[in-house]
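Next, two complexes with subunit A in common: one pairs it with subunit B, the other with subunit C.
== the complex of A and B ==
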């Protein structure tokens, strides 16, 4: 049975304060001219009045830059050149007030980091340590199109708790055991009532008019789309700035680099982007994605076709609209998806 | 579960110059912890990440054969950051090996079949592993006829010369060695590119004959039509591919061709599979 709790907004700040005793807390905070998810400092409150954050909260489980191992290059050290684990803090952490689209993105990305053959320990340990507390969207942005990506402003997938803003109070739906535990630990115990939720949900969904067309993507043949003539046009304006992949909640590609200081070093992993030529450059100088249209094609084919075929879980896009909003040349995934969706290969 | 990014510590046991121009060297490693050798149990066609703390990691095909115990061996071409550093390392140095990674050649499915091995340049490494495996007295009787077509630019660029010479003496393997060109009057093998020699010497195709191919893109491109002409079915042509990669375990996201990842779904594919995968060069 799913528990419904009523959180009086007067009691919210005190609850967050209590939570900070047993969780590392992450939440949206003002970041110069926008909002972003950060680890909350002692006494800091998440600012739940935000529209959407500029970057997705994927960094809570997948930091832009993360140490994997340390090592010593000092040959007088008996353990030199041997990789050592980095001490990590996987004590319980919680993200407060993330958007449902970003939470769904985390569950899509999980399929990449948690496979039958390999478990990525850094991503998975952070993920398992995290309780995801969502905040339903009452006023979606104009660029949001989550309702056509199998998600929505009240979507619950990937969340442990969903908060619904109900005027003077939040209606909190505990969706998992983890979620119940968090609510209890915040001292949120007043029984609530979810009867207002359905109507609010329908109202929020109705505000989202932008759509992405994807219904015919799964029946297309990879090679037909790959060989389609439109990629040069699609890619024409792109300046390969990588903003889209950086802001995207479902982009996960990373690079591994060793960083040395004197005789000590750290093996790091850093977010990377398929939009840069170096991403695929062979040592020989040969580059299978040397040209811009090849890289742009890779990004859209990955999100809208390869992922669709590989997992049968829909597209690798949750409709958060960040790439649409932030792309300096207005390249729009919805237009590209429509082009792909409508494409019929000449036989 | 073990951290799949963590390399087993190894010691460089020997370094052998593999080609006259010294652009290739063969490195033999011994595991610092003997139990790691068991964990590293591999099959021919798989690769590993050679992990040099302070420099980085490189995916390299395993050149030794599972039948060779006590060490693991790789032949590396010097090209960029990590390979240059490796070429300057010395016997006794400590580094790491992570793997084994990727799918091997499907040798279990090839038992009872005739096999034509076609290799060129330094892509011969995992093919060497395969040949050594099949020629092992315990394994030889499980395979049919074995033909090997191997080409290098010139006689000085031929890898594993001593072994090739020894295989030449045997009657259970047909060696067809070629060089692109040479002015050495004592050269007693073929002269010409691999596709041309393949056309001349490869056995006619039948359902029982499989080709395993590994080489630079040009060699693959021109050898495929030759095999077509000889009647090889695309299901019977097995190739090993290469793309820039980092994690080697299907997670970092860069080595894909279409929805397949070369590191995890490959590097071994049949030509029939590749027909449905983009080549990424148009």
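== the complex of A and C ==
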């Protein structure tokens, strides 16, 4: 049975302090002018008063840049040209106060990194080491549209604990064993009462008026959408930067790079973006997506059609609104989805 | 400023209908209250979608690079200066263009709603090149100190400068929005994307991040019009103009040069003059 714990806000900071003894903690902290998820320093508290973070917390399990191997090109070294694992810290870590949309995004991304055929060791080891503590959204941003993506401001998917701000206290729902363990480790043991949650949830959901239209996407023929005439118009404004893909909690693409200094090298993987021509550049020099509209089409087709058809779990978007807010030229996934959803191919 | 749009629409409709141009590059309404979206209008029926407001901050000259059609483009002061650059640098031909000049009183910052930093010190609000105006010319600002922020950095000690620039780029994710929003950055392959040789690492090493910003700025020396597209595009609100402004100031002081004002002179960094103030080149 799901455990409900009451966390008096007076006891929160002390609990975080206790947690820091058994977990590496990540939480929202304010940079210069925005919040982002960072590893908390000793004694640092997450700032749970934030609206949304500029970048999603996907970096906790999927860093923008991660060393995979080291190697030596020095042939006098008996182990030259052998890739060696980089030691990693997969001790327990916890994300405190992530938004439910970002948590659902983690479970969508897992479908890519954890399949019957392949298990991405870096992503999965980090994922399994992490306890995800969510914070329900009381005041969604104007550009949030999570309620029409199969998510919502109180969504529990992907979370181990959901915190609900209830004035002087947090109502903590332990959703998994991992979550129960974390609450116990923080010394949060007061039995709570979840009766206020349903009304608060309904109120938060009612505040979200922006929507994405996706209901007809699955019945469309892939090639009809692919060949649709609207892509040039959709893509015109796009400057092909990586703003949307880096801010997106569900974008998972990476690039592998070797970097040498003298004879010593590191093989790393870095976030990549389908918006850049380099993403699909072949060794031959041929580029199957060398035009802007092809790259823009790929991004939206992946999120709104290929993923829909492949997994039957809805769209690859949780409605966090970051790409909408941050796009320098106002390319809006909601508009594109509506265009795709409404499109009828000429027979 | 709202009065301009009637004129912009009328000119655009006329040009598309009489076949003077094949398309109009302008802005259409955005989906957020502080955004407008660059657009490409090909049918006179779609001219109604055009808007003009204080959110038309992205420099439209960026969309002209290597285009082959005859195009009308809506251009405020800075856009027009970048069109001059584009013509000088053979990225577009003058006779391909119908420039709808828009005298500008500045664009608003998308987050704060205040006048953008570059607009506050702009001294070329009126288009420098145009075929028709969408409104009466506006009074140019005089007596503004364009380089107050640069002078502050110049006055710093080396250590202070080091700390200042470390801080400035700390939140950069290298999404390259600044580069891609810049009309000057049209290289077929940017140096950061080259792999043989690989000039810059692609990870998060701060040295690589700064190398990108420093080198990109140098490539803009004598060409930057301070249109502010880079800063407007940056999702992390990094003040990327700090570097280009310094180069703009140097060009003004060393060569008496302001970019994009005339089609008749080569920019100082792509020409030689026996009056060059630097000794090493003589």
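Operating definition for what follows: the second predicted complex is superposed on the first by the 347 of 347 C-alpha atoms of A that agree within 3 Å, B and C clash if a C-alpha of one lies under 4 Å from a C-alpha of the other, contacts with A are read in each partner's own complex, and residues count from 1 in each chain.
Note that a contact is a pair of C-beta atoms (placed from the backbone, for glycine too) under 8 Å apart; a residue touches a chain by one contact, two chains touch by 3 or more.
Being a predicted model, the structure only gives us computed values, none of them experimental.
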Next on the checklist: Please determine, from the superposition on subunit A, whether subunit B and subunit C clash or fit.
Outcome noted: fit
Checklist entry - When the two structures are overlaid on chain A, which partner does A:328 contact: first (subunit B), second (subunit C), both, or neither? => result second
Next on the checklist: Contact-wise, after the overlay, does A:154 reach subunit B, subunit C, both or neither (first, second, both, neither)?
Outcome noted: neither
Next on the checklist: Tell me which partner touches more residues of subunit A in the superposed arrangement, subunit B or subunit C.
Outcome noted: B
Checklist entry - Looking at the overlay, what does A:237 touch: subunit B (first), subunit C (second), both, or neither? => result second
Checklist entry - Looking at the overlay, what does A:115 touch: subunit B (first), subunit C (second), both, or neither? => result first
Next on the checklist: Looking at A:143, would you say it contacts subunit B, subunit C, both, or neither? Reply first, second, both or neither.
Outcome noted: second
Next on the checklist: Between subunit B and subunit C, whom does A:257 touch in the aligned arrangement: first, second, both, or neither?
Outcome noted: both
Item to check | Touched partner set for A:283, first subunit B, second subunit C, both or neither | outcome: first
Checklist entry - Rounded to a whole Å, what is the shortest Cα gap between subunit B and subunit C in the overlaid structures? => result 6
Next on the checklist: Considering only the contact definition stated at the top, list the common interface residues of subunit A for subunit B and subunit C.
Outcome noted: 255, 257
Item to check | Residues of subunit B touching subunit A in the complex | outcome: 1, 3-7, 9, 32, 51-57, 79-80, 83, 93-96, 217, 242-244, 246-247, 249-259, 264, 276-282
Item to check | subunit A to subunit B touching residues, read off their complex | outcome: 68-69, 71, 73, 80-83, 85, 112-113, 115, 117-121, 222-223, 226-227, 252-258, 260, 265, 267, 269, 272, 274, 279-284, 286, 288-289, 294, 298, 301-302, 305-307, 309-310
Checklist entry - Okay, in this complex, where on subunit A does subunit C touch? => result 31-34, 36, 54-55, 64-65, 142-143, 232-233, 236-237, 239-243, 246-247, 255, 257, 259, 268, 270, 273, 276-278, 324-326, 328-332, 334-335
Checklist entry - Touching subunit A in the complex: which residues of subunit C? => result 30-32, 35-40, 58, 62-63, 170-171, 173-177, 179-181, 193, 201-204, 232-237
